[in-house]
Amino acid sequence: MKRRTALLSGAGLSLAAAAAARAQAPTRPGKERVVIQVSTPEQRLWNQALNYLENLRDTYGPDNVEMEIVALGLGIGVLKLESTQGPRVADAVKAGVHISACEVTMRRQKLTREDMLPNIGYVPAGLGQVIKRQREGWAYISG
Amino acid sequence: MKRRTALLSGAGLSLAAAAAARAQAPTRPGKERVVIQVSTPEQRLWNQALNYLENLRDTYGPDNVEMEIVALGLGIGVLKLESTQGPRVADAVKAGVHISACEVTMRRQKLTREDMLPNIGYVPAGLGQVIKRQREGWAYISG
Amino acid sequence: MKRRTALLSGAGLSLAAAAAARAQAPTRPGKERVVIQVSTPEQRLWNQALNYLENLRDTYGPDNVEMEIVALGLGIGVLKLESTQGPRVADAVKAGVHISACEVTMRRQKLTREDMLPNIGYVPAGLGQVIKRQREGWAYISG
């Protein structure tokens, strides 16, 4: 799998295309905030969820969007040490994206933090986190 | 398939873990309310949707959350008589969860109430129910 | 695949059933508005998303609902020239549904408008469009 660095470099879209995309963004005071739920075991959908981060940064501009990926249930694997998405998750963490593993799921699957990618975050309950974000006004995307 | 009774017994999480999860819950007047859409034929995702009910009860406390599963389209099978999730659905109904089968889907698939699990509820249109819940302020989870 | 014309003819439900479904609709000033995200490569889910359009028209009445399908990522194929859903997409466009292909995805997949179904619409960023609709108060359905 080719490592994508577009999240950091912002090279995913041409500048003109990014500007066009940005012009579409709704007017909103402060940053746009988006929570993405990952609860599928399909690796192609994990890859897509990471693509979403790049697309959102291109759409709003890196300083204008706050993003969180919440991995839970059958989707927890995206954050495990052996995840195919390890390098991209690391890039996202460095770029300031909240990456949250569900501790309810980890207990169910007998996973410890040693089993998970380094530097990610943890939430006591992944669904609770998604709901909390909705209540705080974040847009919700099912990944 | 092992029958899970954690939804009724609240034994899915340790008490300490449940308290930690609950502390995360957003402050909100009255009960938290969550509608879960099930529209996939994948049985592993049906199982996961039922897990969600247990997790939400552990997160908010059983008296502090109102939950509804709306099964529609390719997900209607989760509520059919031969569903692998029959015992868990029965537990959820007993525990006060709204379990709603989409009657539009039932007509499309030539299903009658005799084909469905006992004691579940019915809504004239599953999508309409999901949208109604969103309008009423329920959090939305795509299962 | 049999071409469905129920979207135009409104014949998907009996009149009585449609009225029952409509009675369930939440009271809301103006039209109900619903955005459906299609981001899966599964053709059975593309078909289901098109079913949703018919169901929503039957639920609210054709003049009382505004609908948009946003196809992005792995779901872009639903709007490609060779899509199994071509005739149904054409019907939906004729019936006034917004059908939006994500131009970010098209660039990633080296698709031009010549590769896509005729008469569909385009948005600079599919996710941005879904988020914009949420901000504008549209109900959100993950297809």
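General observations
Labels for the chains are A, B and C, by order of writing; each one numbers its residues from 1.
We take it that a residue touches a chain if its C-beta (ideal position, glycine included) is under 8 Å from a C-beta of that chain, and two chains touch if they have at least 3 such contacts.
Treat the numbers as computed from the prediction; the structure is a model and nothing was measured.
Shared residue numbers account for under half of those found at the interface formed by subunit A and subunit C, and the copies are therefore classed as meeting with different residues. Note: Cα superposition of subunit B onto subunit C, rotation of 120 degrees, nearest 5. In whole angstrom, the spacing between the mean C-alpha positions of subunit A and subunit C is 25. Multi-chain contact residues of subunit C (touching two or more other chains) are listed as 140, 142. The touching residues of subunit A, counted against subunit B in their complex, run 37, 39-41, 73-74, 103-104, 107-108, 123-132, 134-136, 140, 142.
Here subunit B touches subunit A in the complex through residues 12-13, 17, 20-21, 23-26, 28, 32, 34, 44-45, 48, 51-52, 55-56, 58-60, 139-142, going by the rule given at the top.
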